[in-house]
Structures are given as C-alpha cells and as structure tokens.
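Dropping a structure here in structure tokens format, bear with me for questions.
First chain written, first letter: the chains are A, B, C, D, E and F, and each begins at residue 1.
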Amino acid sequence: MRNSKTFIRMSGLGGQGVVTAAHILGVAAVKSGLKCTVNPFFGAEKRLAPTESYVRIAAEDIWERGEVLFPNIILIFHPHVITLGKCYTMPFFAGLQQGGKIIINADRPLDLREEELARLRGLDAEVYYVPATQVAVEAGGTALSTNIAILGALLAVEELVSQEAIRDAIAERFGGGKFVASGTTAVLDDVLKSKFDRLAQLIEKNMAVVAAAGGSVSQYHFGV
Amino acid sequence: MAASEYRVLPGPEGYLPPAAASMGVELPQRGEALVEGRVVPEEEAMLRIAERLLAARNPVFFPGPTILWAWKEGAAEKARAVLGLMEAVGARAIPMPDYRPKYPMINPAVEINPNHPNLTIWHNRIDVGVFVGVHCHYANVALKIIRGGTDCYTIALCGEMGHEDAMITLRDVDVAKLERLTEVARALATARLLRVEGSGAGG
Amino acid sequence: MAGLQREVDPEYLFSGVPRRQVFITGSEAVAEAVKRANADMAIAYPITPQSESMHLVGDLFAQGYLKDYYRGENEFAVMAAVHGASLGGGRVFTATSGPGTLRAMEMFPVWAGSRQPIVCAFMCRGVSLPPSIQPENIEMAMLLDTGMLMFHAEDAQDLYDLILRAFVIAEQPDVHLPAGVFVDGFFVTHTRSAVALPPDDLKLPAYDPRRAPVPTFDMETPPIRIVRDPLLNKSNFISYSANASWHQEIVAAAERARKHIRRYMGGLLEVEDPYAKIFLAASGTAVSQSREALKVLRSEGIRAGLIKIKSVRPFPTEEIVAATAHAELIVVPEFNIGGWLAREIKAAIDNNRRVVGGPRLFGGMTMPTELIVNEVRNALDWSGAKRPDLRAGI
Amino acid sequence: MIKGLFRISPGFEDVMPAEYKELVTTGPYGREVGVSDLGTFKELIEEHPLCAGCAESLALRLILASLPNPEDTVIVGSTGCSSLAFSQVAVHNIHSLFGNQNAVATGLKRALRLRFPDKVKDVLVIAGDGATVDIGLDMVMQSWFRRELITTIMLDNEVYANTGGQESGMSPQGAVLNMAPLGKKFPKVALPEIAREAGCVYVATISPDLPRRLGKVVRRAILVAREIGPSYVQIFCPCPTNFKFRSAEVLQKIRERQKEGTFQVREYVSPEAEAYLAGLEGAKQREEQ
Amino acid sequence: MTTQQVVAPEYLFFEAERERQFMTGSEAVAEAVKRANIDMAISYPITPQSESMHLVGDLYAKGYLKEYFRGESEFAVMAAVAGAAMGGVRVFTATGGPGTLRAFEMFPTWAGARLPIVCAFLTRAVNAPLSIQPDTLEMAFMLDTGILMFHAENAQDLYDMVLKAFVVAEQTDVHIPVGVFADGFFVTHTREQVAVAPADLKLPPYNPYYAPVPVMDMENVPVRQMRDPFVMKSNFISYAAHASWQQEILAAQERARKHVRRYLGDLLDTEHAEAPVLVMAAGTAVSQSREAVAAARREGLEVGLVKLKSLRPFPREEVRVLARQARALIVPEFNRVGWLSREIKSVVEDTTKVIDGPRVFGGMTMPPELILAQIRRCYA
Amino acid sequence: MSTKIITPVAEFAELLPQEYKDLVAHGPYNERRSVRDLGTFKEIVDEHPHCAGCGVALAIRLLAAALPSPADTLIVGTPGCSFFALVQAALNYSNTAFGNQNAVASGLKRMLQIRFPHIHKDVVVVAGDGGIADIGLDLTLHSWFRREKITTIMLDNEVYANTGGQESGMSRQGKVLNMAPQGKRFPKIPVFELAKVSGCVYGARVTVASPHRVGRAVRNAILLAREFGSTYVQIYTPCPTNMKFSPDQTLKVARKAEKDHYTHEEFMSAEAAAYLARLKAESKEMRE
C-alpha cells in the first residue's frame, strides 16, 4: 500500500542521539521541500535503554503516525542492538520491505546467523556497515556525533536530502532555543554544545563527520 | 440542519420540560428574534411583545441586577428606558435583585428568584413576565422552570444573544432598542385605543 | 456476637436457609450484608447519602465483625488505602457517592488493572456543579469503562443481596475484579422497606488470597520479586502489546464473570412478559417506577413487559438482543441527564429507532409513574417528525 | 468595588426589597465598622439555616463584621455547615468543591491581582475543619508554601457536622463519633504549628467567646495577607448538635475547654508581619489621637 | 517578546497569512497559546503533556502571559484554574491520562460553573498497569462531564483547535469549558509541518462582563452572589432548579454547534461521503485511516472517510444522515472499550452497519493495513 | 516470610536463573546485613536502568542493604525515577497512582497486621519528593497523624526528574527548572519539620554522601515504626541529569549539601530513644 515513501526506523541505545538524528533528518527533508513526520518513541527510559525513532519522508502528504512497522530503511546505531538483542523489535530487520536497506554502526561485518542471512537474501536487502562511532571520534572529536555519522552513511547509500540541507538542520537544531525535547535529551544537548567553542565549530565538525562517514560505508556481500 | 418543529409555548408543560435548545431551537442572529421557537425579524417580534403586554391582565417586568443597580456606565439609562417601556404597556416591576436560593421562602410579593420563580408568578398571578437585566444563565434556569410549572407567557429582553426558553426573545437589547420597543408599544396602544374609540363611534 | 458466626457456603447463605423479614433502610441493608460478608477491613469517609452505611459498618467493627476500620482523609486516599489493604490479601469493603466517586476516580481503573476483588457500594447522587446531595446516577456513566463489574440495585433487598453476591463473584479466581454495587441515593439508602434476611450467625467463607490470579503482596507468596502494577511503558512494541494484552485480560475477566453472575444473581437481567411488543427497560430505582407504570399501562389495555438490568458491567448484550428480538418499542427511563443506559441499549441492538430514551429525571427529582406512561403513549403516536432521542426531559 | 456599584438605578428604589435598601443605606461598605459596632449597621449576613446555638454562625457573623474592606473582599468557602450560610452573604463568594478552597483562592487571588493591579482585593478562605485539615490539607498547605497572599480561616467544630457527625482530624483524641466507634485514635492535628512551619506569617487560635479579640485577629490576618504572606486563623466553634450539649451552653463549653487547656487562645506573628502591623496600627492610633 | 496586535478571531484564523513550520504537537500548543492572549496558565508535570506546559512557562517568562505557576496536583491545578476563571481572566492548562482522572471531579464543576476554561488533554493510558503511552480511554470517562470536546488529528489541528476553543468557549450563549484532546506521543511528540499565523497577532482579550454569570470580583452586580449555590434543599423546587441548571449546561453545548460550525468548519469533515463504505474516526485514528482509504481507493474500492472533530456536541444528525446511505461504517479506535463506536451506534438507526475496530491500545500503533483489511472484508 | 518461599523445589533448583540461585544462596533474608556488608552478599536490588551517577539509585541500594528484615519487608512506591530500581528489587513492591503511596501503605500495613498478627511486616514507603511533598502531601501527613506504623523514606532529588526536570516543592528557592522559568519562588517545603509536628516518632535527614548514616537512619526508622508509629527519613539524592552536573560529582554535590542546606538532623520521641538504647544494649550483650 506504500507509494514512493521512505519509511525509516532508527534503533539504538538511549543517549546515542537516535531522537536527534531523526529530528535533523526530518528538518533537512522539510528544508528540501519534502513532506515528513518524525516520531520518536519514547518511554520512561534512561541512558543505554533501547530506543527507537521513526522518520517518514515522501513527496506527497503523509498521514499515518506511530511506529514504522514496515520500514524500507533501517539504521542500527549500536551493534548491541543486534548482538545483545538490545532492541524490542526482533529480529532487527523485522518488517523490512522488499529491497530495503540496513545500515549498521559496526567496525566490521557482524556475524549474522545463516537463517538471518537467508531471510535478508529473500528480501533482496542491501546491508551496509559503517564504523560510525570511530568516525565520530576521529572526525568530530566526540562519540556524541555517532548519530551524525549514521546520517552521513545514510546519505551515501540513499541521497534522501542534500548535505547542505543536513548542515542547515544541524545549525537550526543546535543554534537556537527552539528545539523541544524530553528533559534528558535537552540535557544531552547542553553537554554536546559544551564540547564546542561555538556553533560554527560544532557545525563544521559535524559536517566533517557526515563526509567521513559517507566515505566509510561498506556493503555486506552475502553470497547467494 | 432543518429548523426545529419544537414550539416554545406557555405551560404548564409538565414536570421537567426539556431545554428548547436540546429540542433543536437555535438562538436568533443579529437583527432577528425568536417567537415561540421560530426565528422572525426583530420588528415582528417587537410587535408581538407589544401585543402580549398590552393584552395582558397582569404584566410584570422582572428587572435583574444589571439594571437594578447603577453599577456601570449606561446601567441607569437602560433602567430608565425599561421604566419607560413599563409605563407604556402599563406593567409593574418585581425585582430579581440576586440569584441566591432563598430558603425557606422568599417574599413572593416583593421579589422573584431564578431558583424558584414560580412562587412569585403563582402568588401574583402574573400572566406575562418580562426578563430584563438578568445574567443569561440564571434567566435560562428560571425560564425553563416557569414553562414547566406555570402558564405565564415569558419575554426575554436580552443584552446578549437571547433565550430559547422564553416565548419571545429579543437579542442585543440596548437603550435604543428599548426605546424602539416602547414606540411600537405606544403606537399599538394608540391604534387599539383608536380602534376601540372608532368602533365606539361607529356603534 | 461476631465470634459466634459460622462460615457457610455462599449458596446456603443465599438460598439454602429460611429468611426473616425486617423493615430497614438501604443503609441498614448494607450493614446487614457486611455483617455476613466476613470482611476483614473497611475504610470510610463521610459523604451524604453514604455516611449512614459506613457508620453502621463502623458499629460492626466495634462489635467485632470486622478486624479493622478507620476514617480516611478523603475519597482518593480511602480508595488507595482499600487498594493497599486488598494487596495485603484480605477482604475489604468501602462505599462512596457522587462527588466522592469523582474525587477517587483514578483509583477505580487501578483496582481493576491490579485484579483486586474490592467491593464498593456507590450511593449515587448528583455531581457538582451546582452541588446537590440528591439522587441521580450520572456517575455510573463515568465508571462504565473503568474495568469494574457494576451491579445496579433496585431496592434495599437488592442492595443487601448484591453486596454479598458481589464478594463471591468478584473473588472467583477467573474473575478477580472489583465490583461496584450501585444504588440510587436516598431513594434506596434512606427509604425503609421490607428486606428478607438469613440468620446473622452465618457468614461467607473467608477470602483465600492464595487462589488469586495474581500473587498476594505479603512476602509469604512466591515470587518475592513481584511488582503489582508494573511499568509496561517502555517505548517499544513488546511492552505495548503486553499492556494491551493486560487490558484484554481485564475485559476477559469481566466476560468470565457472566457465568458466575448467572449462577449467583440468577442472570444479568430479568424479563417480565417476554412476549410483549413494548418494553420498559431500566436499572436501579427506575425499575421500581417502571413496575408501577406497567400496572397503569396494563389497566389501559396496553401490554408491556419489563427488562430489569442488574449487571451493567458486564453488559447483558446478548440477553437484551434476545429479549427485544420481537419488541417494537423499548422505553428507557433513567435518573440522569446523559441517558447512558439508553445509549448502551441503542448500541447493543439493531434497529435502534425502537428505543426511546426517557423520561430522564435528575437533580433529585422523583420519576412519577405518569411520566413513564406518557412516554409510552407519546411513542405510540409518534409520527416520525419528533426527535425523541434529543429530549433531555420528558 | 467600583464607586457606585451599590447604587440603585433611579426609578427602581421603590421596588427594591427592604434588606437591599438597608444594605445601601446602612451597610458596611466603605465604612470603618467592626465587631464593636454590631447593631449599628446592616450586617453582610442575612438570615441563615444553621442550627440554633451554632458557634459557627456566631463566628461567621463576627468575621463578616470584621472585614477591613468588605467592598473589596471575595470569600472562598467549602462544602460543610459553614457554607450553608454563604448564599446569604453580601460579598462575592465561591463554593466550588469539598477541600479545594485554597487552590481556588490561589487562582482567584492571582486573577484579581492581574485584573486590578492598583487595588487590594482581599481573598479570604472560610472553611470547616474537615475541608481544611483532612480532604483539603495538601491544597491548604501548598498555598502556604507558595506564600499566596490569602487568609485561611478554619471554623473548627471538631467534627464533620454537615454529614452527620463523623470524626475529623480536628476531633479531640478519644471522642466517640461516627466513623470512630471506638473513639478517635490520634490527637487533634496541630494545624497552627503546621501553619507556622509551612510559611504562614500570622497564625492565631481564637473563639467567638471573645468577639472583639476575634475581630482584631481576623482583621490582622487579612491585613498581613495583603503584603507580607499567608495567614491562618483557627476559630474554635463547638457544635451543640453533634456533641450533644444544649445550644445555650456553647460559650460555657468554650470556657470549660479553655480551663482544661485543650483550647487556648494564641497568636503567632512573624517579625516581618509584626513590624507591618505595628506600622498600620500605630498609624491608626495616631490618626485617632 | 514580539509586540502583538489584537485582531478579530476571523482574521487570525482565516485571513492572516500562515507560515509553515516543522514542529511537534507540544510546540503547536505553545504556538496557539502565544496567540491566544491568555492571562494565566497553571501547570503540573505529567508525560506526555509536560513539554507543552514547559513551553507555556517559557511564554510566560517572555511576557506573553501575565501569570503562571506549577500547582501541587492535577486536582489542585484544575481547582486553581477554576478560581482564576471565576476571577475573570482567560486561563489555559493541560493534562493527560491519570492526571485527567485525578482531577476528574473538577470537569463537571467547570461546566456547571459556566467557566470558559480551555484545557488540552494530551491523552495517555490510565493505570493499572502503568503506562505513559497513547490511548484515548480517558475520553470515554469525560463524555458526560458537560464540557465541550474537540479531538485533534495532528499538530495542525491542535494549534487550530486550542485557539478556536477559546473563541467558542467564551461565547455568551456557550460559556462552558472546552477540552481539546490529542493523542499523546502520536501528536505531542511527532514533528510535522504546521501552518501558523504570524506571531505578532493575538486574539482580543476576554471580557468577563459578557459572561452569562457574574464574575467574582466585587466590581459587578449582584454583590450578594455565590458561585455556586446549594440548590439542594430537600424539596421539589430545589430539585427542579438543579435539573434546570443541568439542562442549561446541555443547552449551552447545543448552542455551541453553530459556533463550532463557524470556526472549525463543521463538527465533522468528510471525504468521498457518498461511498458505500465509510471509515469514521477521530484523532490519530483519522490519520491512519487516511492512508488506508487512499490505499483502498488505489485498489478500486469505493470507500470514504469521516473525521469527527467535535465529540461534544456530538454530530448526531450528520452521522445519522451519512449512515443512512452507507452500507458499512468502520470505526477504528485507540482504546479498549470502543467508546466512539458506541456513540455512533447510539445515533445511527441500523447498528448492524457499524463495524467495531480495529482497536489498538496500550501504546500500540495502528497500522493502516489493519483498517485496509477491514475495508477489504466489506467488499469480500 | 517463611524461607520456604525462596526455597526452590529441588527438582527445579537447577532451572533457576543465576541471579535467583545467588539470592537463595547469598541473599540477605536469613542473616542480618547492613550497609557495611555491601559487596559480601547478593543484594536485593538487581541491575537497573537509572542514569549514571544517579543519587536515587545509590540511595535505594543503601536502604535496601539496611532493611532490618528484608524477608518481611514490603515497599510501596509511586511513579517517578525511584521505581526503576525498585521494580527490580527482590521483595514485594507496589506502585499505583502518583502520590497515593502512604494511603496504600496504611491499608496494606493494617491488613498484614490482621493476617500476620505475630510477625512484624515492615511496610516501607520509598518515594520521590514530588510524590511525597506535592501531590501526596495530604496522604503523607494523614498517615502520620493517624500514627500508622509505617516508615516513609523520601528520595529527595529536588526535582520531578522522571517527567523531565520540573520544579518540585522540594526544589531550592531560585532554581530555574521547567515550569519555574523564572526560578522557584518559594523555599523548600519543610517536610522534615512537618514530620516533627505531625506525629512522627522518629525523623532523620541524611544524604547519600554518608552511607552508614543512611543505613542507620533507615534501620532505626523501620525498627521504631514497628513499635511506636510513623517514622520519616529524608535522603538527599542529587540528580546529575537534571541538575546538570557530571555523574562522577554526585557524592561531591551531596557532601557539599550536607555542609550547606542539607545538614544531618535527627529527632525521636523519648520512648523511641529509650527503645533504641535498649536494643543497642541487648545487641552489645549478645556480642559479649
């Protein structure tokens, strides 16, 4: 029943900026003239608890909201989502649409079980990995930019929005007092901001992360 | 929506009549009025009010707090206009100075109360009653009770949007409108007098 | 006195033993039920027209029929304390009314969700504003979806019977939900009538918390790691579906109550003259008024039947569909402005043009028989031009 | 109150009921009257339905006679005996629900301050012991914590009287009442002490046995609440109906309790309030001299 | 703070040029409050409402409101808001789920006292078990409290309805509270595009002297005035007065219809109303239904959509007329009890046309596929 | 409790997860443990999802270790951060509606007294500052007025932490928090002083910077509640997340507070003091 809509599920751990990544991507999509809704899924949880966030992007109106049950892109912010099952959407590719894409934050390909590989093959899925945390530390100087690295990888795999749009969205997100988040997210914002001397530096570093992450994406090749 | 067929007529309608609004009667728009639940032009309603008052055996005005007291600019002027209308139709006043339920009983000869208005209507055998200067909520509470338990014909001269539960209601009533109504009443009274005299002359 | 009571089977207490008639108020009927209910504890807070009932329950405590009793600080606190007492594994009773019900509103879904067989009597009265202590049952409309079982007593006899039966039904392991026994304030609580009672040296068997479908909260029942009312609020599908499943279980428990209601209360409703084409369908005091109206209608040659709804939750949907299968007119008199019973019945049956919601009385007004009779007469001449469902009054 | 609020529209003087005419001509609005002037002016309270001998009705009459500015006073009450007389009181008053009086008063006071920044509007809470110390305690205390500029008066008849004589938090320990069939198990709640801890700048206990003193206490409580902070007055009003003594014995009952030490007339004034009152009262004395 | 200019409601709602912004539902609440010329707001934290009232606090700090504080509980907040409204100011507050139930006694009180308070109910599940997730069960409890109830589908609706609620509530012939309901998280925490009027415009101030009841300020008549009196003596006349008062609240709801039509467009919206199968929903369920209806129509199934915006007053005539020509009405809901389908069944003549569900609750999302499956079954 | 309820059925003993095996073998139910013994026994609080550096989590660990008889302790809590660890505790824990904890505890305590007249069942309320001092204040104070034999422990992080950092009645004056955008307008609610005038027989004000003191206070409070009536312990549990300090600074913040606005204080009735002295003498005797 879907039509040219990109439905993204982001899975990660509390504190990794899953909600923020969804927000930045959403703002970038809107700035690019697309329709978008962003849905963080949000409980009473704390840092390191499993967290998900959902972004719907399309050229036409989008009405439905809530969890994205049938994503065509899945972003995995932490290998534990898969290896330790730190996610309540199991298996991690649950609901993936035919021909969908998955990007995993990992230094090297994770060992996936044979039946998982078989199902991914059946879905004709493209699976990518990117050392997002490492890129964030190296290019951005802080692991807090992991989420931006994931977005960089996403743009490399599917150019949903331009890098410029992402830059504008980051500037808006961290530049003003406009953003409304749950209490804990707001606190993390302050921590992140404290790591940079000024906004321009924060944007610049994060755009470096976007670029570096884009260059560090590798695709899994699972044989037939 | 189709206009309601519900008629707002003098009672006693029964034990607990419904609010006319719940039967589909809607308040009039500016320049309009309600007569017995139907929307009519304001002028027509004025004439009907005048007829009712002039034909009444014991017409009584129930001035409420907003005109009994000269509490704000314009209140005394409006009071004067009401007094003028009363004079024109030969009605007297029994005030509604406040809205508290008075127990065990009010003195029905000298006041009326929205929580038990029928005591005053019964006691004074009022056949036409006019609400003016009463806060809308309390007027509505009283009007339904009167319709339920008495045969009094009720008229509401409302400074705001009117009252479905009065048999006739005018809205946005200000000094000018009161004066216009007084004129209508005087003209009608004169016409009747002429008619009476005329018929007398002829007979 | 209290020490001399002996435990008997519910069936024996309900129907196996001869009863004696006494002339008592509804409040006294409550106390007579509690006296035989083998309740451990009751907690009270004053509100008219409930206070007398809970005074009398206090007297029972002083006489040793209950083991603890106190006045709480407000209705929300009382309903919370009763919740705590029930967690502790005993049988508890309380009562409230109108504004008290609303003040404690948050606790009723909590009782149901925590699977607690608390029995609470609701002596229905007007809710603010303006303040009124007089009978009407609009509060029932607000409780319909709390998950509680809801029984509506017609008179003092019902009140006595339903409270005792409520404990037995509520405590069934497959039900284990709170039960509200509702009664119209003053019309029943303060009205004196004949009530048939079994001897007062009999009482229900004690509540056995070990049979509950949830562990008792006493550090004597495994598992020790137990949270009553856990946080099913992680932001993930699994916890949503757990929460949803828990809610379904509350609904299912109420469904399971049906068979116990049939067994102990003789059915969710009672039908008089099942083959009539015209029915009066009512609950609570409106049933008594309807009985009188039926006499008048019959004397005028109008044949009409009566549907008395005893269990409002679970709602006797199937029974009403069956009872009205051939009905052409169903008049629903109620003591509230909202007309919740008519709404329930309209939603339950097909072709609900047959249902006339009214007369509706509130603010403490009595419902004269004539009004019901008139409602039937008017409906019979109904031309289709009127909109009876719109009518808040007669 | 705006000037002229209490002027009859010309032409309607004759039809106005007598009690209103009296209020206009001899009412206490805008005049300096107090308890000692009772009998010389038209009181704010009309006939009321309280029991004969009710100490609350006496207290109410005294309170209403002591209002420093009745023309700018709004009263918030609560369910119970004390509220039964309120529909007859000639100042704006709110009933709302059982126990929420101090929350309502909070909203009201702040709203009036917004609408009339240049006028003092006294917001006065008058409620019974059940409403104040049991069901409404949280809202009473939080209004004190927040330092709301309102005066709270408890008419303490030591029982839920209106619902038929149930034990309240203010009932004396041991009292056998409805819902305390074996006697109340705990002592009278020490609300004056609590009030002091909770931020009231003026706390007093009093009874209608001492009318002039009561008048002074009420007046002081209202004055300090205009500028300094919340104030609390607890008025002991024994209930002949529920404690089953003759209505003529009310004042005697108060004296007995005073002798026993279970009721004491006390006054606590914070230093700031003390200074403020000294300023006001000194000015008044100077004026009189 | 932007200097704001008072404009007519009609101008603010329909004429002023709007700017589209990407924001959450919570922010939409604040954008509405910013333009509502509100005097006072009182808050108490509860998820998922807290963010809205934080932002309202920020508006206060910037000078858009004259008074704001955190109360001690929802019951106290709703009581304090009542006191403020009786004092004659325009007030706003918000709550959700357990907070709604904690304060429950106040809602019929607001209505009975004729207070034009606007409260946003950002709905969530009620205990037990404890959950902070979206669920509209609390609306079932509220249906007979006497307050007007609007149900927002999304952040845009939430913005519009909060603003319009003030105008409807404050009409002299209405003057009862309005609850603007929106599904927690699905609306409050979802970010989407919302078109808002310029921030330098605001509604005209509230004038308490147009109220149908006297304001409690000792500045208007009568001075001997109690809000609100005991109409509870044991006698017929006082019962009748109480009953008449209750009828008046119901009448005020009825009178609100024309104002709802004027400001909200209508009590319900329709798309393809002529279709034999109609999906009838309120709140977030409408959005899910839009997707399902679009998908079904792509499959060639003739299906329409009915969005109920006002639940009190309930669009009973409108629903009845729609139901007459339809073959089936599908009612998807976010609660376990199906209060909306009960409402619909109680006004349509043939209840067998009403198909309950899908119903999801406890925070579960409602996949449009479930609704689509139901539509397909109607054509099977 | 009877130890039977933590004695696995022999046939299934091997099936139990490790943490349960640990609880059976090394749990605190059979012999007395205290804060001093932390690290030498299987604690009743398992892993929890609190933020790093959370003062509340620390206090819960301390108080759980200090319970005089965990085998017969039931905790009543309320929604808020405190429930994250408490739901993992190996004893019965309940939380229902926000702020109703002391009323629930009152009913529970009385029912347990009815059902187990010869066993001390310790009913302990553990809740946050919002739950106790704001929304639940009435119910808290009334349980004290009634002299309910329960212990109330406030974990005071001076903020509504779980809903995202709103000002609470226990927040400090002037503090800018959500819902207090211009700073809190009034001082901390003096709950500790109120406890004195509301009938508590014992009260202690402590911070997580003094773990042994927390342990002693909790133990005293529970022992005294058994015999004499209501007791109250107020523990300062700084919140790094909402007060925006680094998680490694929690103890430092608490230590500073202990010198500043959160000085240690204790009160007890004369009979309570005599009882504690007697207990101390007895245990000394036993040791000798």
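We take it that a residue touches a chain if its C-beta (ideal position, glycine included) is under 8 Å from a C-beta of that chain, and two chains touch if they have at least 3 such contacts.
All of these numbers come straight from a predicted model, not from anything done at the bench.
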Along the graph of touching chains, what's the shortest path length in steps from subunit B to subunit F?
2
Identify the chain pair with more contacting C-beta pairs: A-C or C-F.
C-F
Of the chains present, which has its C-alpha mean closest to the combined C-alpha mean?
E
How many angstrom lie between the CA centroids of subunit B and subunit E, rounded to a whole number?
36
Using Cα averages as centroids, what's the distance between subunit D and subunit E in whole Å?
39
Residues in subunit D with touches to at least two other chains are numbered 2, 5-6, 87-88, 95-97, 134-135, 137-138, 142, 146, 169, 185
Where in subunit E do residues touch two or more of the other chains?
47, 50-51, 54, 69, 72-73, 75, 98, 102, 105, 109, 113, 127-128, 130, 132-133, 214, 220-221, 223-226, 228-231, 238, 240-241, 243-245, 247, 250, 365
Which residues does subunit F have that touch at least 2 chains other than itself?
95-97, 134-135, 137-139, 142, 146, 162-164, 169, 178, 185
What residues on subunit E touch subunit C, complex-wise?
75, 98, 101-102, 104-105, 108-109, 111-113, 125-133, 137, 140-141, 143-145, 228-232, 234, 236, 238-247, 250, 316, 336-337, 339, 341-343, 345-352, 360-365
For the complex, which residues does subunit F have touching subunit D?
134-139, 141-142, 145-147, 169, 185-187, 189-190, 193-194, 197-199
Residue numbers on subunit A that touch subunit C, as the complex places them
41-45, 49-52, 67, 87-89
Touching residues of subunit C toward subunit B in the complex: what are they?
359-361, 365, 368, 371, 385-387, 390-394
In their shared complex, at which residues does subunit D touch subunit C?
79, 95-99, 130, 134-135, 137, 160, 162-164, 166-167, 169, 178-182, 185
